[in-house]
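Look at the two complexes coming up: chain A is in both, with chain B in one and chain C in the other.
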Partner chain A sequence: MTVELTALTKSYDIPGGEEIAVNGIDLEVGEDEFVSLVGPSGCGKSTTLRCIAGLETPTSGEIRINGEDVTDTAPNKRGLAMMFQDIALYPHMTVWENIAYPLKVRGVSEDDRHEEATAAAEVMRIADLLDKYPGELSGGQRQRCALARTIVYDPKAFLMDEPLSDLDAKLKVAVRKEIQRVHDRVERPTIYVTHDQAEALSMSDRVAVMNDGELMGIATPDEHYNFPANKFIASFIGNPSMNFVTGQLLSSSDREERSSSGSRAKPGDGTITVEFHDNEIELGATVNEPRSETVEIGFRPEVVDLHADPDEGYFEGTLELIERIGDRRLATIQGPDGEIRAMVPDSYTASEGTQVSVSFDERDAHVFDDGTKNVVGRGRTEGAEITAESSS
Partner chain B sequence: MSIASSWEDGPLGFWYELPYQTQKKIKNVLLNVLLAIVLVLILFPIYWMIATSLFHSNDLFTLPMPLFPSDPTFVEYRAVLETEVVQWYTNTVLVSAGIVLLTTTAATLGGYGLARLDIPYKKTFARVILFGYMFPPILLSIPMFIFWRQLGLINSLPGIILAQTATTLPFSLWLMWQFFQTVPYSLEESAMVGGSSRFRAFVDVALPMAKPGMIAVAIFSFAIAWGAYTIPSILLTDSSKWVLTLGLASFTEAESVLWGQIMAASTLFVLPTFFFMYYLQKYILEGFRAGRI
Partner chain C sequence: MPAKHEEVRRRVHPYQESLYDVLSKRWIFVGLTVLPAIGLFAFINMLPMLWALTASFFEIGALSPEWHWVGLENFRIVLDDGKFWASLFRSTVFAGGSVALQVTAGTALALLLNRDFKFKRVVRAIALLPYIVPTAVLSFIALWMGNSRYGIVSQILHQLGLIEQFIPWYGSPELAMFAVITTSSWKFTIFVTIIVLARLQSIPSSLYEAATVSGASAYRRFVDITLPNLRGVLFIVVLLRGVWMFNKFDIVYILTKGGPLNKTTIASIYAYRMAFDQLNLGRAAAVSTLLFLLLLGAAAVYFYYFEPSEEVRVE
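Up next, the complex of A and B:
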């Protein structure tokens, strides 16, 4: 079973024009694949999901489930299952009636319904709650009940619209596991919408990052983390988020070769040299050609080192804040280009207000073109290479 | 000098010297006295109606009139039941049931449509509907008489049901529109993705959630239907089609005013309303709360 979106676009008429919520999304979710749609609020991820469910009609584009075009099919004929942010259990029905409701509308006899609902409830470990009403359940039990309702019939795909956002942190982790357990069990494509990148990274086979109605990139969590395709993904994925400094592009070794051959260069073919704050570093070139002279160099807080000696680092800044994050400390430095975040060991002793020098591991640096925002160079080029979605 | 202290120096200064608990008790007693006066104003006419219906007719005009019937009699009730009252009673029940059914059905479907479907200018429409409720019935009844005569609906119960529904529907529709807005749409969406058609989702999920609103609408339209006078008095000319309100009025049109019979018929008239309201009043509050009135 697969779910396929082709050039899906949804726009709304608003006074004085139209608002594009989803702009030409192409997405393919393979057999029993878990794909997250992640992005800041208002990026169109929920609208995309609602289009797949049939609750919104796309302005243009095509939705295929199992290769069958369902773009104009009513939601109840698509054979999908969906979990809503507000859980959407029917308050006037008991837990078992809730779970069995999709079977009831399919005309399954009461005995069979009861049997199937009980089985689904057992999978979700709520078999002892069948006669209660949703109002009598705790938050986690309600989520499990809603999950049971989606697995009770055999849906072609699972759609989840931020189902965990109303739960507390501990419960979130628990229900997350339940969702993954269900996904492994039913082996159906699952599309999971969330604004929480940690949730997306921990659960998904692939993560589709959206911004402003556009798909910024789709890749595995590791690829997104290690090889971000553009500046948006780089800054959105990872917590604390990536640092950026502005620099100049000095040279791109294979620029001429590329433009003459016309074919796409393979990663690792060339190098690019960038300059920032009187430092010059050379990194591997990516398939994206630099378009402008200004670049942004990104590096994760995890690879930042702080030095007391000003000569040891690339540039200097004032240590503004040190806070504990788990077993390490997060240092915030006011640098020449704004805030720099650094994860430092627990033993780090410099006090707030002192001048520190910042360095980072070049191998973990990424260079983004200031015009296209696509990645044009990075320290590591081995491993998977991701083509930017919006290379314009 | 603060305001409070200047009050303490005034003629009511003694009040502030009382302990707080005493102040509360006195306030409570005063409020209860006020409540009792209001209750007497409301309940005494009802009591007087019932009492009068039980007096012998010659006792009715003795002075001073006794407060309690010393020798209660049902002779007036018997007299009333010998008139067309039973027919009128049946008519009233039929008409009220028809109006309640029609109003509740139309208001529920219409309110759902206004709340859920994408209709251009539906908000403006829904608000303008309320304006229809502002028309006094007498304003509607003359044009209605002309229409209904053309349609042959004069002196017919379906005719009066239709006509009276015109007065109950606007407010009911507005109430149901408000009510459906409080029912989360995701419940129906979840039912639809789960395999039910839109109508099935409406019946299985939205309707049960809207029940308090429907009951409020039923009570409201019943109250209007049961006590309707103006429109029936114009559309119903044949006494066999009369409703009770018209029948009651007819008792005074005779040469003498038959107080005993009027009161007996009134008592019979009021009883169903009393029970209807008594059992359903908690729902009407729920319904109005949802409508944010």
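Up next, the complex of A and C:
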């Protein structure tokens, strides 16, 4: 089973024009693949999902489920399962009636319904709650009940619209596991919408990053983290987020010498040289050709080193804040181009207010064109991965 | 802070201070706020009720100030009167028909207004009009519309080819009850609409969306989500409208005066005639008392069988 979107566009008429919520999205979700749609609020991810469900009618474009065009099919004829942000359990039905509802509309007899609902409830470990009403359940139990309702029949695909956003952090992790367990069990394409990148990165086979109605890129979580295709993905994926400094493009290899492997850079390919704050670094060239003289150099807080000696770093800044994040500390430095974040070891002792010098491993640097925002250069070549924080 | 408080206290006028002290006394404050309401209620509602209850045990001529104790004689005479039972039956028909029509049409209108369409606000305003217009005005408009010679209702039906000749809606013994029920429903349907619409709008749309994606058709969504959510509010609406329509007097009296051939003489008109045509106030009071007891009993049974607290389940 697959879900396929071709040039999906949704616009709304607003006073004085129209607002484009989703702008020409192409997306293919393969058999038993888990794909997240992630992006800031208002980026069109929920609208995209609702178009797939049929709750919104796309302005143009095509939706195919199992190769069959369902763009004009009524939502109740698409055979999908969906989870909602507010769970949407029917308050006037008991847990088992809720779970069995999709079977009821399919005309399954009451005995069979009860049996199937009990089986689904057992999978979700809520079999002892079958006769309760949703109002009597805790948040996590309601989520389980809603999940059981989606697995009680055999949907062609699962759609999830921020189902965890109302849960507290601990419960989130628990229900996250349940959702993955369900996904592994049913082997159906799952499309999961969230604004929480940690959720997307930890659960998905692939992550589609959206911004302003556009698909910024779709790739595996590791790919997004280590080889971001553009500045938006670089800054959106990863927490704490990537640092950027402004630089100048000094030289770049010709088109023929540029990498042929997309947004990665291969050893032996062409190079790109950039300058920032009187430092010059040479990196591998990606497939994108630089269009403007100005570039932005990005590097993750995990690869930043802080030095007391001004000569050891690329540039200087004032240490403004040190806060504990797990077993390490996050230092915030006010640099010449704004804020720089650095993960430093627990043993780091410099006090707030002191001048520090900032350096980073240039092999972990990314260069983005200031005009197109696409990645034009990369320190790290194919295969290597950042070890500071794995994104699993 | 307390010092500042003292400062404020010292600056206020001595009268203000004593007023503040007086109002701070719990019972004085309760008395000032609640007593006027209780007083009005007692004067306007309780007193006439007690008066009628007492009067039902006396023989009272409207023109003489003397009351003669007759015990249960008034009740015996009324209960023996076939006209009373006939009027009671007509009240039941009128109330039942009106409630059925108003609840059906009102709910349908609410479902319509709950959807998005052009001119929704205009439709809502038009639907509200009959409820705002005073009963007397509406009744006279209805009389004109139903007039047997130039009424617009007959006019339209005639031009549509549905009727051969003009119909005296309020003057025909066969149609008068139907016409009166329709007219009262025209006025009061919007009451049902307002209450049902409020409930409809509080049903989260995600419930419908979840059901839709699960495969439920529009009909199934209505039966499985809309109706169960409306049960509680329909319970109240049927009760209120039932009681009010059973006691209705003004609209029917203006439209038909109980005629033709007493076909629309409902119990309230029967009581009115007893009091002001036959000038027998005691017996009229007995009729009112009987109606009151009847409604009380019906409401109790209604509550017992439908258990409203069980009907409404809200998260």
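Some points to look at:
Throughout what follows, the second predicted complex is superposed on the first by the 368 of 392 C-alpha atoms of A that agree within 3 Å, B and C clash if a C-alpha of one lies under 4 Å from a C-alpha of the other, contacts with A are read in each partner's own complex, and residues count from 1 in each chain.
As a convention for this text, a contact is a pair of C-beta atoms (placed from the backbone, for glycine too) under 8 Å apart; a residue touches a chain by one contact, two chains touch by 3 or more.
Quick caveat, the model's predicted, so the values are computed rather than measured.
Superposition model on chain A: chain B and chain C are shown in a clashing arrangement. When the two complexes are overlaid on their common chain A, residue A:P240 makes contact with neither chain B nor chain C.
When the two structures are aligned on the shared chain, A:M82 is found in touch with chain B and with chain C. Contacts of A:Y133 after superposition: chain C is touched, whereas chain B is not reached. Shared-chain residue A:Y90: touches chain B and chain C both. Look at A:P40: by the touch rule set out above, it reaches neither chain B nor chain C. Overlap of the chain B and chain C interfaces on chain A comprises residues 53-55, 75-76, 78-82, 84-86, 88, 90-92, 101-102, 105-106, 149, 153, 159.
Residues of chain B that touch chain A in their complex: 184, 186-187, 189-198, 200, 204-205, 208-209. The part of chain C that touches chain A in the complex is made up of residues 204, 206-207, 209-217, 220, 224-225, 228-229, 313-315.
Chain A meets chain B in the complex at residues 53-55, 74-76, 78-82, 84-86, 88, 90-92, 101-102, 105-106, 149, 153, 159.
Of all the residues in chain A, the ones that touch chain C in their complex are 53-55, 75-82, 84-86, 88, 90-93, 101-102, 104-106, 133-135, 149, 153, 159.
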